[in-house]
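Accompanying notes for the structure given below.
A, B, C, D and E are the chain letters, set down in written order, and residue numbers restart from 1 in every chain.
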């Protein structure tokens, strides 16, 4: 008895007790439905369908400019889109901190695009930004342009679709980070003689930076996995042939699951590189309490 | 920013929606004064301070610095220093950078910034902590950073909003002395907000007692302590015995009030006529236990609370009135005692009808907060 | 809910004439074929509830077909009973060995197979032993344009190139791997240009590839589906697009393309024919196979085949001989009367027909096109 | 009332202009789909030539939308219930307890929402097919659980942290056992949090394309997947009937959203990623 | 749950990782006692209370209720009541349902639940608020709900964790009396945690003074107040003057210590030998101002803080030592005063080497929190 008791004493010291059983379902779930398939995909990627060395699939990918370039294509779309989403969100969220009439309506309106989904957005962009869509019509009737600008079925179509679905998300995240910063800090800076812009640059921005990094990451992850819109509003044969499309084609057009898994793994790895770079940068920032709601 | 000789608030008010958080505040602050704004939670103290600082636009009145109207200036142009309730230290800047912030905003030469910052750090004795972040400091240390940050600019006016309310009792005592010392040695003019009457009494040259957005009394600590202007102020200033009574005979500077089956004399505060509803106020320390045989008030000790040198006791008078007293004498619950009230220490206030009377203790306790 | 099939083992025995009890069939359409045949199938179910009690339909893009079926077969849980597919899905499945070989063993149970039109018969030969042709059309390649915008359409490959050069971005065809007209255009070019071996895209298509690469300079982008080219034609952002008989008539019926749109062939063209097939994945129970054979037999009767005229979707549509427009439902007759083109009869009669590339060559051609034509817009290092 | 009116700075004007520009274009995007879905024919003109509702009927019939919508709601409902059942207890432990390896566990739980769905979706679909789940509702539900459970954990954790642990302690001191604490105290207090995460998971699952696309079978397509097919599957389809489908999809999402916003503040709709404390 | 006669804590300890939040707590609680756990923030008071309640598993020691070992029982099996710092009322239940919660958990008949709940509501005078939610109550009312909820079960032991710390000064005084009254009238056994020494002194029968997870002293309020067992306890109990000195001549129950250029006698607390490092402790109220001409300590008044009846002053002795004193005499900064220390009120404690000395005031202030 005293033995089991002292054992319990030692576990208790470390915070291990019966409550931890509650983690069990989620743990089993994540192991079976995420870790296992992931590892399965990983091991599959080392078993090339058409023989060859363990790394043959990876070699095949990197030897083939047509495939390799998808990495760059994807980054060229997702990085600027994520960056724009975050940067545009900051000033707008900043304006929205205070209380004003219609704030809830405005935030609600901003939530709407999240629910549009990529497919509807694609369809809407094709209609609206297409050569005879309202956008071009307005520009032409204002004589700003003579010929329709091509904004769909190319890079821009995908880019806009990432803005429409990504910006509201980034905005809401930034807004919640921003409202976590104690407003008295800015007031304190004001009493110390800091002007509006100095207060923003010296106080708010540094405190917001880690949140911006996180927001950037989350929108980047969304943008990086762009798939339906790359097909529907992009130019999937050319400038928007993103890596998820390559993975999809390998799996479902060439039936080479091993190769598809390898591409998926490469995709994860590339994304991880960006994530790690951003996290390393973020780790150098001040990330403690911001004095606000937590 | 240049100093000033006199700061005048004229009818300053601030309204939120339809509620006046602050109304008609008139106050003149002389250079070098230490003024405390005192009052219960929600009475408008912080509102007044923020109006003064420029953090909250006025909705009425004006503020004058000598002959210059300043209530339209933004905070960064007023040149006042402010110490916030939870310090509002910049969490991402070191102690040194926090203190240097204001100097840098003035674009002073690097050398001067360094010199003055170092001096301020020494002044608050944080040499060993200069390169820590605020999160790594104790409450008392943070407090001192906040004070150094506000005073390093040598502001013409320093505003402090309950700067001690987050500290524990022992530290609070020490920081009190420290703030007062800084005020004196730096020759500051200070407006200090607190809801702790002892703090206000011990630190300020003048107190401004507020209630429900309005000034109740302005005076020296002694004036406010010994001559509260209304029973509400008395209540707040530690007159724990507040008795709703009816005034008896008024003769010169004394009014007789019925208490415990007999009648005792009090000092009328304001217009009191025979038959008026009044509130009599007396502090526990002015209720003295006499020996049993002296004629006068009599009662039974109900509760005794040991408080070290003294005991706080609660006495039930023969007419059911409860009186709080403090005594060094050893007493026990149940003991019969006779009571004297120090002459001149029973203040008798007129009361504005039935609504304006102190409520019975527990019920009021419940409703007061 | 899907009826789970028996394990693969039980699906290999002899197929009875009639299922032991009425079955439920899950039909997957990856070719848009149901537009033509759903009426026939529903009719069969109505007439023979004792054979098929219920049918569920679903649609998917062709490319993912084989992967899905293969995965199901690996899991021993095939829940698709009939796949309606074009040559692409058919071939992909054959390469993976996904389809049951119903032929030649049960050919006599589908009587209509003896009456195929000659080019349909050739298409059937392409299917080997696993697919049964259900609809046929001569397809293309054709060019479609709006006469208002292109008063004098090009009639030769050279003129097309010149037109494209003069009107940059106005000539359009969709990515061949995803588009019937796109691939028909691709497969038709070697005949038009007189390439060495029109059946060998890698070694025999020098002129074709050179032509496509030159054309590519005047093309802004390749949409991922034919529908996009039709939309472009309708809204004027393209003036000439690749088309086929069906893609010409049906979108005009639907109002996706203005009625005035016209077509023209290029000089020296051969029809590259197209067909839709019904295939049965391995793993489907013999009971169901019996029902499927009865159904296919029914579908290949002239009365049913007449439904394939539809609204010009796969014009003309029927795969067997002697099916006249007059036998078709009134809706079809009206639509074709209004939107059909009398000149098609002559074009079909006067020009040679060719079967499309076999699956391997086609995939190679797609891959080459993807990399060298479509993908050339991707910078390569 | 205030003696000083709020003065808008040029930056403020610029920002509001940008917001308005965004909304105008957004309205254009959504509006053009809506208008087109009712248009008879719409070529090179401002508005369609004539209006009709026929496309809705066409889309409804061609894609068997009754079945698709019921599958969508059923699958999403199952995902919501399961992910809350699995996620909420884990969120509880992560909000309340410190234990060795907590950071690792937390990271593992969050990984699925940090990964592109395609990255794990392809191997996941392969595994699900291998075990016979994919191609059926069960596969769609399982695949959608992968990002949903972490999402529940992420959204619930702050809500649980907001419940003072002393309230639980108080209940225990009054004789409540673990079950009673959960049912009588935590559950009612967490209703807003549960609703928030349930509704969010619902909205996300209805809108989740990739994972459903990779695992759905003929009878388990959801509305987004059907919508994608309507745009990309073989065959000729009037543009307007695709638009009609997109409008139906949006209408459904909007209904869910309006319901959601009755319970949840819009800023809570996006989870606050918990900051790891700095060391 | 049945009552008990005696509750014993034997070597109770609780460790978090490598840090002992509580170590070796030995304490016996008699039925009917009111025990206060007292100590600065972080000293382990709440930890001790939670261990007792069963909310925190022990990592050492055992707890016995008469002869029954109870430290392995979960909280719901111990039958103790607890009042939490922020009351921890169930926000979704009405006052009545909050109070009835425990009775319902015991599955008592509806009638009995209703009867006892009603009685408890009357006891804390919340009849008018029974169907309100906690959010609609004032702090004092919430407080009373918490007490009623904990006591309606008639627990054998009531635990209270700083129940008054969130109330304002006036209400705190009143609730103190109220709690003590309930303790007596219901015949409860109470363990009460506080960091306010005045609160502990005035309420408890016995105090347990803690520091850094360890018990420093257990005794009656008077013992702890007048004879703190170490200078740390003295520090906490209001001996604001803590002077690190060297012991002079020791004679019987007096030890001479050098102060302000002269030598004065103190009472040694523990083993003190000549030449030892010691800490001398005296309260400000035991430092008296004499008239100028009396021989003895002399110094200059540095700071005067008005505190109503008395002033707190700081005196700089001739040798630079600062002393805090309280006086009713009017003094001014700069005045020369002579000082006497009440005999027997200067306590002289041995100190364990250089590390164990009170730091200079401000520095210690910073580090203490």
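Here is the rule we use: a residue touches a chain if its C-beta (ideal position, glycine included) is under 8 Å from a C-beta of that chain, and two chains touch if they have at least 3 such contacts.
Treat the numbers as computed from the prediction; the structure is a model and nothing was measured.
Touching subunit A and subunit E at once are the following chains: B, D. Two chain pairs are in question, D-E and A-D; the one with more C-beta pairs in contact is A-D.
At the far end from subunit B, in terms of centres built from Cα atoms, lies C.
Per-chain CA centroids place subunit C at a distance of 37 Å from subunit D. Centre-to-centre separation of subunit A and subunit C, using mean CA positions: 39 Å.
Averaged C-alpha coordinates give centres for subunit B and subunit E that are 26 Å from one another. Centre-to-centre spacing of subunit C and subunit E amounts to 89 Å, using the average Cα coordinate of each chain.
Within subunit C, the positions touching two or more other chains are listed as 68, 224, 231, 235-236.
With touch defined as above, residues shared between interfaces to two or more other chains in subunit D number as follows: 43-44, 126, 231-232. The set of subunit B residues touching two or more other chains is empty. Residues of subunit C touching subunit A in their complex: 63-64, 66-68, 70, 92, 96, 169, 175, 177, 220-224, 228, 231-232, 235-237, 370-371, 374-381. Residues 164, 166-167, 169-177, 180, 184-185, 188-189 of subunit D are the ones that touch subunit E when the two sit in their complex. Contact residues on subunit C toward subunit D in their complex (touch as defined above): 1-2, 26, 28-33, 35, 56-62, 68, 71-72, 74-77, 79-80, 86, 178, 180, 224-227, 230-231, 234-236, 246-247, 250-251, 254-256, 258, 313. The residues of subunit A lying in touch with subunit B in their complex are 182, 184-185, 187-195, 198, 202-203, 206-207, 285-286, 288-291. Residue ranges of subunit E in contact with subunit D, taken from their complex: 50, 53-55, 74-76, 79-82, 84-86, 88-92, 101-102, 105-106, 149-150, 153, 159.
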